[in-house]
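Notes to accompany the following structure.
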Amino acid sequence: MMKRIKSVMFALWICLSFILTIASGSFVILYIFIKGFKSVDLEFLLSNPGGIPIGTEGGVFPAIIGSILLMLIAIVFASILAIATAVYIVFYCRSQRLENIADAIIQCMAGVPSIVLGLFGYSVMVVTFNMGRSLLSAGLTLGLMIFPFIQVRVEKAFQEFSRSAINASYSLGVSKVYTIFKLVLPQCRRDIVSSITLAGGFAMGAAAPIMLTGAVIFAPVPKSLSSPVMALPLHLYILANEGISMEKAYATALVLIALLIIINIFAMTLTLWRKEVKR
Amino acid sequence: TSQGADVQTNSNKENETNNEFKAEMTFNGSSTLAPVITAIATEFIEENTTWDKVDSSFPDKYISIYVSAGGSGAGVKAVIEGTADFGMLAREVKSEELEKIGDAKVYKLGVDALTISINPENPLAQLRDNLTTEEVKKIFAGEYKYWDELDSSLPHREIVVVIRDLSGGAHEVFQKSVMGDTQIRPDAIQSPSMGALVTKIIENKDAIGYASYGMVNQNKGKLMPLKVDGVEPTEQTIVDGSYKISRPLIVVKRGELTAPQKAFMDVVMSEKGAEVIEEMGFVPVK
Amino acid sequence: MKTAFDKVSVFLVKVLTLFSLLLLSFIIIFIFKEGYTFFKEVPILKFITGTTWNPTGDPKKLSIFNIILGTLYVSIVAIVIALPIGIGCALLLSGYVKERPRLIIRGFIDIIAGIPSVIFGFIGLMVLVKFFEKAFGFASGESVLAGGILLAIMVLPYIISTCDETMDKLYRAYSPVAQAMGISKIYILRTIVLPQSLRGIAAAAVLAFGRAMGETMAVMMVIGNAPIMPKLLGKCQTIPSLIALEMGMAEVGSLHYHALFAAGFVLMAILLILNIALYYVKRSLDR
Amino acid sequence: MNVLELKDFRAYYGSKRVINNLNMAIKKNKITAIIGPSGCGKSTLLMSLNTMLEEAEGRTEGQILFNGKDVHSISKEEVRRRIGIVFQKPTPFPFSIYKNLTYAPIYYGVKDKKRLDGIVVEKLKISGLYEEVKDEIHGSALKLSGGQQQRLCIARALTVEPDVLLLDEPCSALDVKNTANIEKMLMNLVQDYTIVIVTHNLSQAKRISDYTAFMLDGELIEYDETHRIFTSPQDNRTKEYIEGIYG
Amino acid sequence: MNVLELKDFRAYYGSKRVINNLNMAIKKNKITAIIGPSGCGKSTLLMSLNTMLEEAEGRTEGQILFNGKDVHSISKEEVRRRIGIVFQKPTPFPFSIYKNLTYAPIYYGVKDKKRLDGIVVEKLKISGLYEEVKDEIHGSALKLSGGQQQRLCIARALTVEPDVLLLDEPCSALDVKNTANIEKMLMNLVQDYTIVIVTHNLSQAKRISDYTAFMLDGELIEYDETHRIFTSPQDNRTKEYIEGIYG
């Protein structure tokens, strides 16, 4: 009887959790969809913002491009460093102490408020390295923000990868590097892609770190890495926080979420496609 | 490699400011002022596209004016550190700041007033349209905790005080012109932006706060500005200074304006610039 | 046989790791350095135990005890709400949802994780805060609870995806054997998958807690930002929102400016302590 | 009496058929050995018998009767409890040895600490593991050697007191001594249980089984009393396979 | 000539010693069988020989000489390539069969598609898997039956052309036919390779090995030519263990 009750409670718990998760997520997405749907059309997507104050009319095209570029720079920078660090810690690091220190540093970073990272990016990249307020400075700052995020998840994926398969590979006299490149990385691809996607979305949605390092209220599509850019979250932030136009703010939010959805579907097909190959 | 190249071009630009033409200028600072400058800049760029259209002595380079918003403090900081040509402030420039900038040039574009606003559905709106400075002070200091303490005919409901962040430009103005030495009640809601503050007043019947004059104009009917000591916040009263709670909108720059900078600032300070400032709901300096 | 490629790769991995760790340490040192100037003027103990924060008063009062409490309170509320829901959801996903639908649900959850916090903030202000005002007749709905709930929704995806990976592997490994003894899925999830993923759950909780403590924009919109002693249904202030609110205005190099960095440093120290705690928890779980 | 009966039975992985039109009846309280070359479908057949195949993404057609009733008309849990299986690859739970063995009994409602202890000791003794692990009974089961793990899995399968015990090459990782123990154990158990064993070891099949089934490429070639299969196989292919024995 | 030599060899898991002061030399181009009860340390010994024990969180003391050189003085990769091992639990990589077999050759620089194909076919034939899987050579290796997986692992170990081949109960999951094939293969290979095989099947040891080592509780009890171990064991414990044979 106790067992029954426990099982029922347990089932209830996991079902409710699932429903709550889906419901809260759907609510947020639907809310933005409903509020923003009216204002999004092709013109909104493809034209520059306009009107007085800026943003009350026109669209968000430069911001879309800006956000995508920022995200790309951030994920390229962060994932190269993060994957390398994860590989080192899991496969090369022999000292438990070093591992602990690295973990502590990374976890510390994970909690640094993004605005503080923005200040760091400003002091170091914009001022000291004279990179200016630019696409590159902002992208790298975002990269710093998502680094711990990717690193932690990739490290976990490596750690959980089947030890016996790795041992089987070592026992063929195959080097670690080869094992990592040919066995571990391809097999962890799904976890890696999903954490990079997630981090990419995170980077794309952040306003605080880019405010000081490269995002501006208005700029055309950037011509080089040293141009300042527009970005969706900052545009949204200005529209909403300065009370310029809630309608356009929701429309911008909708575009941002639509981009996220596209990126996720892209990542999903990447991983699904892998399954097909297996068959 | 592209990174190295960029640093290169960037530092080149720095060196060339004095003798060579700079097609680019950057603004940073107050998020209140940023949309104004952006609007003027966009129009300026759309009209001219290249510098030679502005003045035939200029080369035919594309005009680039970048505006970013990081707060008044960040604006000053950017000028001090040379990461922006202009700083935008929604408050007075402090003397220490002027000192740090060195050869500072200050341009006053307009004035923004803070109106003591309530939700139109607040019973107070029916009762009276005026508060004395003393009453405002007591409300914001937390001496009046319930509306019926202000006027016994009002319901016994808690007063929800909404302010901007304590160290922000708007609050500084309010503190100076209304509160004096009296402290704001510590449990007042600090809104992260004017937009959020106004939203809060629109959403909450018991709320009172100092909404920017520009915001009130943009949200006509959704919130109700009160007279203070009988003075209604209007363009007239704000400009002549009879409405006390106001703050200047300022642009600062280190050193003399270069030729293209001057060309742009002329537009900002012109009749046309004033129109934009007015359209945004602020009061231009005549 | 070690090829040149191998050697280069190993070298690169080492260099990149070193670079990353140095970079991160540098950031931490940067924050510490900026905060240190402040600690020279105000003793650290006074900074973290004093309760008044008033950067505009004269003399300035810059102590953040209330704000530290507020930060912890909001984050704890968020974790207390999100952890059980996240674990439950991950359990259901690993035991009951087939490969493909799971991928789609995970995609959906990833999308929630990507929603910018500005958006969460506004929805929080318009929906959650208003709901509190209407439903419970609060004068103002800005509260620790509102911040906690909002943050819970925001960190939920992180918890789910971290837990789900661990749980899925466990379920796949052990469910055939257990099912072969006639044992129900529910029981397997409850007695094998759940207890065996404790390590993963602990890691997820700390990760989420870190995220919650560092979250700025969304929290800022719904907690009222009043640096007072936090109560569940009352307003409060958190360190990141304090920094975000005041950094833009603080005069560079002023005591106030350095105090904000000092606050950031305290936040980091809290996270560090948390992670050290996690390390010991993990170690005791290993025994 | 027939405990299990297969009628026109087919099994598939995806669209690939691995068992083809199999008819067979398994006698109560007997040991039935299934032999045949690697990949012929022995494991698949065994998993089908207690409906575990569907968990391994397989699919079946035709009927399986358990005590005359279609297994699909009985609840899966019931079928699986009454028909125990030990897989080819030993997979102890990541618990202590003790918890591995009490896991299922607790699920089926045994609460008494003494009785649980009793079950643990009894099953460990049956599987010949008791002497080796008695001091580490609360140590992790994952640290046992391959053979020890396999015996633990057999012991674990017995803890639910099934009617039928399906064994997929239970002795393949065991040394002679333990193999002998297990065989002895099986021959004892068969008084109360029905046992089906997949084995590659023909002499083992010969030694312990009452009936032997020979499979080839998913088909049941011959199925008869063990001594007849080994002495006078009817089918040529059986004969060939049996004669492959040497040494 | 001795290919491998163990001197005062000890192996530990954590602080638990599982091999104790072992001295032993393995002869070139011979098959050496290691027998002993379950848990006596056979797998541990095998893993030590090509330094794989350290990957399994074990630790060794004493010396292992490979062609007279301490294995720790040679690079790990080199040792492992020249001393191949097939583990007790088959672990195919989660790839296709083809990729499992080309994994190592590609690493060692074979690029030519034809040669790779050739290697795949040859090793599959040697391990007797070719006929069964030739149509699914690009299908996932994880979908093979247990025995097929084991044979695939043997085939995979051979793709790097090692000098020494260590086999941990390679035939435990194989049927007679494949066992015979593998045994035949080993007896062919021994002309060029040195083979060490752990087996529970004493008759297998007798059939194919030149030398036999009997281990008990981490100690080497007796090590001699196979016919002597099986006909006139010197140690009583060996005798007892051998006589446990039956059937």
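Each chain carries a letter (A, B, C, D and E) given by its place in the written order, and its residues are counted from 1.
In the analysis below, a residue touches a chain if its C-beta (ideal position, glycine included) is under 8 Å from a C-beta of that chain, and two chains touch if they have at least 3 such contacts.
Quick caveat: nothing in here was measured; it's all calculated off a predicted structure.
> Give me the set of chains touching chain B intersected with the set touching chain D.
Output, common partners of chain B and chain D: C.
> When I count C-beta pairs in contact, which pair ends up with more: A-C or C-D?
A-C
> Taking each chain's centre as the mean position of its Cα atoms, how many Å separate chain C from chain E?
50
> List the centre-to-centre spacing of chain B and chain E in whole Å, with centres computed as mean CA coordinates.
That gives a centre separation of 79 Å.
> Which residues belonging to chain C are in contact with no fewer than two other chains?
1-2, 184, 187, 217, 244, 247 - these are the residues of chain C that touch more than one other chain.
> If a residue has to touch 2 or more other chains to count, which residues of chain E qualify?
If we look for residues of chain E contacting two or more partner chains, we find 77-78, 81, 89.
> Pull out every residue in chain A that's touching 2 or more other chains.
In chain A, residues 3, 173, 175, 178, 240-241 touch at least two other chains, as defined above.
> Report the residues of chain D in contact with chain C in the complex, numbered from low to high.
Per the touch definition, chain D meets chain C at residues 50, 52, 55-56, 76-82, 84-85, 87, 91, 93-94, 103-104, 107, 153, 156-157, 160.
> Once bound in the complex, which stretches of chain A touch chain B?
50-55, 122, 126-127, 129-134, 136, 211-212, 215-219, 224-228, 234, 238, 240-244
> What part of chain C is in contact with chain B in the complex they form?
Contacts found on chain C: 54-57, 125-126, 129-130, 133, 139-140, 142, 217, 220-221, 224-228, 234-235, 237, 241, 244-252, 256-257.
> Which residues of chain D touch chain E in the complex?
Chain D residues touching chain E: 13, 35-39, 43, 88-89, 132, 143-148, 151, 168-169, 172-180, 200-204, 206-207, 241, 244-247.
> Show me the residue ranges of chain C that touch chain A in the complex, using the header's touch definition.
Within the complex, chain C touches chain A at residues 1-3, 5-6, 9-10, 12-14, 16-17, 19-21, 23-25, 27-28, 30-31, 84-89, 91-93, 99-100, 103-120, 122-123, 127, 153, 156-157, 160-162, 165-166, 169, 184, 186-187, 189-190, 200, 203, 206-207, 210-211, 213-217, 239-240, 243-244, 247, 261, 264, 267-268, 270-272, 274-276, 279.
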